[in-house]
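Have a look at this one before I ask anything.
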Amino acid sequence: QGVEALSARMDFAPWGVQAAMHLAQVKGWFKDVGLDVDVQDGRGSANTLQLVNAGQVDVGQVQLGLVPQARMKSATVRSFAGFARATDLAAVVDRDSDYKTVADLKGKSIVCFAASPWAPFIDYWLAQGGLDRSTVELLLVDPAALWSTYTTRRADAILSTGPSIIPPAEAVRPSRGILASDAGVNFPSYGLIASDETIEKRGDALKALVASQQKAWAYLRDGNAGEGAEAMIQQRPTIKLTKEVLTRQIELTIETFETPATAGKPIGWQADADWNAALASMEKANAIPSGLTLSDIFTNDFIG
Amino acid sequence: MLDQVKDSYIRVSGVDKRYGGSDASLVLQDINLDIRKGEFVSILGPSGCGKSTLLKCIAGLEDVSNGSVTTRGLMVDGPPEGLGMVFQRDMLLDWRTILENVLFTVELQGKASAEMRARASAQLARFGLGGYENRRPWELSGGMRQRASICRALLTDPDILLMDEPFGALDAMTRDDLNVEVARISHETHKTIVFITHSISEAVFLSDRVVILDRHPGRIVEILDIDLPRPRQLSARETPKFGHYSSHIRQVFTKLGIFKNA
Amino acid sequence: MLDQVKDSYIRVSGVDKRYGGSDASLVLQDINLDIRKGEFVSILGPSGCGKSTLLKCIAGLEDVSNGSVTTRGLMVDGPPEGLGMVFQRDMLLDWRTILENVLFTVELQGKASAEMRARASAQLARFGLGGYENRRPWELSGGMRQRASICRALLTDPDILLMDEPFGALDAMTRDDLNVEVARISHETHKTIVFITHSISEAVFLSDRVVILDRHPGRIVEILDIDLPRPRQLSARETPKFGHYSSHIRQVFTKLGIFKNA
Amino acid sequence: MRSKPSITTRFLPGLITLVSAVVLWEICVRLFQISPILLPSPSTVWVEFWKMPSFFLYNAGVTLVVTLAGFFLAAVFGILLAVVIVSSKTLERPVFSALVALNSVPKVALAPLFVVWMGIGPEPKIAIAVMLAIFAIVIDTVLGLRSVDPDMINLARVGRASAWQILTKVRLPCALPSIFAGLKVAISLALIGAIIGEFVGSSSGLGFAILTAQGQFDTPGLFVSLALLIAMGSLLFNLMEGIERLSIPWHTSVRSH
Amino acid sequence: MRSKPSITTRFLPGLITLVSAVVLWEICVRLFQISPILLPSPSTVWVEFWKMPSFFLYNAGVTLVVTLAGFFLAAVFGILLAVVIVSSKTLERPVFSALVALNSVPKVALAPLFVVWMGIGPEPKIAIAVMLAIFAIVIDTVLGLRSVDPDMINLARVGRASAWQILTKVRLPCALPSIFAGLKVAISLALIGAIIGEFVGSSSGLGFAILTAQGQFDTPGLFVSLALLIAMGSLLFNLMEGIERLSIPWHTSVRSH
């Protein structure tokens, strides 16, 4: 029995959410399940989703909330595992500021990038605090400029994900997040996607991949986040990764793993209830029309 | 008609020429000229009368607006075979050495060889440019450039040779020498030569016939047969007959009132 | 020495000239020449002997390798004031009409005016280019271009006029007319004129002195005073004295063995 | 010897190419049933445009303004720098080195710095457009200024032309054909620069529209913006060519064409 | 009348500029205590480079290969297209229109689609480099080919030169100065193209190094890559200039310079 090659593309440059992949690589857990996985860095969730859809890579690890939108635009990808099942989208602000809700950001400057998963929800989200684009200063910049805009205090808030931003910000601008879900934006976070075709034809490989990831995430959850960070540093020697930051990112990511609807279910298992709530908020935000079927968006067939 | 065509090596019949659209003024009007094989014909005329234009029409470089040009009985609609031309400007190519410039046409015709190089060098030496083979055009004086361009035209040994004021930039003595050289070439190789010049004595010395043009529009006013024995020596210029021809041409020009009331 | 400098309007003393590095061969060797105000000096010499180079040195366009040039007692290290020059090539600017080309130098000197335009037009007409004011250079024949460039040099009414084969592309009759015109200008306006030509008779006809150069390297072999009465008519060319000067120059050249054994 | 082509004969072949390319594309997409998220058909793009024509046209207008501002500044400073380079032996190498260095840095990589330094107003966009466009102008203008026949300079020197006159009355007119080549390249680059600038930080313009479309898998929307860019780019280029024809009718490249 | 400058006098001024710019930068950063995350000092960048010299050099090598491949293809196809444009009245407008259209599309916007279509190998990067570089070459070559003195063509025609010979023996040599101007612009654009390509999808090259550095907020690392890009860009440009000098010693722009 030979090993099967599989390419898996991440969302962005290496950060904590990708730890399970690198850990499985280092621990040999891919080999254990008969896989030879090529873990690639990405250029944004949207871009990775496009590549999966075009067949350029087999599997993507992306913000799953993008799948319904993509599906509407005739993409043929589905999620086959959802790890971070709660929303991690957040408005990140100074830790000791007194911003608590959307409404508190009135008159403040908020930075985001145009291709962000946040983009379609911004107006809806602002509206929950009685705001709109005329009552806040919305700066849309390149993803690369996002960070420097926030850390040089050109913006009061950054629309991003809590787990990715808060740990590295600790050193330069200690921050905390105001979760998007507080304002009714329920957006499923990181998980794995593949094209309908791959799902149909390479089920065994996907199943094996999910198994290895479940094992890795469980291991990380059980107090071994630091090892995940080390695995990443080992796998990406030329990139200046900081163990503390990665560890914290892993921990924060794991905090988004549980929703009431998935309590007690295996890691990666997705609940109809969560997705229905997600679709409802997307419909309200006019990000998608109504009428999507859940089976077009995700499957639990590969969760062992 | 057909006989005439056969008889004439170059035949210009009823040629009109305008530059630009049909509204442009006539540059050449009703030019008729038959040149036999081996003949030496000079074209004399005031500046701007259309000599260069006529030569370009014969070479197939300019379309005629009316009438036709044939060489060797064939209609000219592009440069015919076996034709060499010296342009009024020297047209040396800056990216080639002088020797390479002289070899240019030969090269185009795929006839470049070590022997040709030797012939080109010899040609250059004969024209007083020995030692300048590897110089670039911009390192030469005006007259030297002109001589190099004559060498280029001669090297292919063309059957028909069109020369547009080839000796304009040369001093009197060099010019005399080259006159003798051209007369020799014409006599020995039976090339058909059409030669534009501003020098009346040069025209008489070299030609079998001298075509005199007037301008506005350019048209033939007289074709003068030069009945001097060949081969001619420079001393022929001192003969009364020569003087007669020269002063006749001078008279024609004076009658035309060239220049003063242009 | 100082007196001499004061006396001579243009003074070339001990000039050597090489192009390129110091290893390049000499083009001009030990040229000494004093030209008085109002004098007409022609330079005769075989093609490539360095006539144009000498003129450029006088104009301050080329640095001399040795020796010095002064005009009006001042060292030349760039073109001096009140100097006009006709280049061997016509150097018309393609982006200007003929009239604008003629006005070019005047414009540079801030002297363009409606009156100047009228004078330029008149000048053009006198040179047989009436009606071509608004044409572009490429629409003119070689001789017409040359005449336009002479008009340009004359229009500023320069005190010193340097002319490099200005009539090389002109027919005999036009040339005669312009010879008369230049002689008139020289006589009436007392311009100091240095004139390069290939025509011995032109040199004799126009000049107070004729400088004869030899080549390899270019050097003065004789300076001939032309002692003919002024103003001169074209008929002066038929006088015995004229013939004497001409044949003397011819002899000098023959003795130098110009061309044949170059 | 060729007669002057009329406006129709000048633009007809281009138009025919365009139309046939569009038709071919439509056929291919329909034949191979390519998903619109990968490559939408022209008709889809057309329909998409008409869903929000004013949105697209407004953003195109924003980009056009930035492009023209960037191009204009690049032309002025580019020609100025070229003049400096050609005029001054001392400044030549430093200016050139700085320019080459500047040009080797991908503007996209500088995005964070731009936003930090200049915010997200029109300034950084214009700056990027200028930086992208200026190089071609400088290189071509320098070539043009240096290709003048030395005897033409001599002619002006004999007329005691000042350095300024030699520049304006000889060198620059002589260099015009080259300068126009530079400007034609630059106008396209200014457009690209404007888009890159909008990528870096903007909430309007076609660059912004493209990014938004990309983030939402709206490939038809993306293509509407691209089509508008193509239209704008072609228009600007042809405009430059027209200006060239009017400005240098005397040059061989225009005369013989 | 100027004497030929030696290698030292040619490059010394550029070097001095560079060194003084670097020194000034170092002083500013130290004086104003600018955070290295915004703008690192040259010394920080230097130290950063020596932490992983082989990493940076390897990635620079990868980018260099893509750049050269892109440049080479752009040169070949650019000159070819220019020849087609100049030679064929029928193909002229279609080819030109297509080229202008292609050039108006910002490659940064197209890059993601390229990766989607071509994958993440070197192909899309080379394609982007080619597309960015080719336009300047075409425009400048067309100008050069069209600027030939008509009588030079006549000279060749009298020698009964074939169309091919007129092209290779008259038009192309005449056009060389213009072509080199295009190539000098193109080599810089090819480098930028390679980087843009690497931004979108790559796991090596300086574009990749820049992106990962950005992702980690590793500004010093970003600047090492930028410095290497500047070095590479300057080197390639000066190389092109050297080749130009060797190839067209006869042209006024080289002779008088």
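Side notes on the structure shown:
Should a chain be cited, it is by its letter among A, B, C, D and E, assigned in written order, with residues numbered from 1 in that chain.
As a working rule, a residue touches a chain if its C-beta (ideal position, glycine included) is under 8 Å from a C-beta of that chain, and two chains touch if they have at least 3 such contacts.
Bear in mind that the values here come from a model prediction, so they are computed numbers and not experimental data.
The set of chains touching chain C and also touching chain E is given as B, D. At the far end from chain C, in terms of centres built from Cα atoms, lies A.
Looking at which two chains touch through the most C-beta pairs, you get D-E. One inter-chain figure worth recording: chain B and chain D are separated by 50 Å, centre to centre, where each centre is the mean of the chain's CA atoms.
The distance from the centre of chain D to the centre of chain E, with each centre set as the mean of the Cα atoms, comes to 17 Å. Annotation: 38 Å between the Cα-based centres of chain A and chain E.
Across the assembly, chain A contributes 47, 50, 53-54, 144, 147-148, 152 as residues in contact with two or more other chains.
Looking at chain B, one finds that residues 89 touch two or more other chains. Residue positions of chain D touching 2 or more other chains: 38, 108-109, 112-113, 116, 149, 199, 214, 251.
In the complex of the two chains, the chain D residues touching chain A come out as 35-38, 108-109, 111-116, 119-120, 199-203, 208, 211-212, 214-219. Those residues of chain D whose C-beta lies close enough to touch chain C in the complex are 149, 151-152, 154-161, 165, 169-170, 173-174, 176, 248, 250-251, 255. Residue ranges of chain B in contact with chain E, taken from their complex: 56, 59-61, 78-79, 81, 83-85, 87, 89, 91, 93-95, 104-105, 107-109, 136, 138, 156. Taken in their complex, chain B has these residues touching chain C: 19, 44-48, 50-52, 88-89, 128, 130, 139-144, 147, 165, 168-175, 177, 198-200, 250, 253-254, 258-260, 262.
Residues 12-15, 40-41, 43, 47, 50-51, 53-54, 56, 144, 147-148, 151-152, 168, 172, 236, 238-242 of chain A are the ones touching chain E in the complex.
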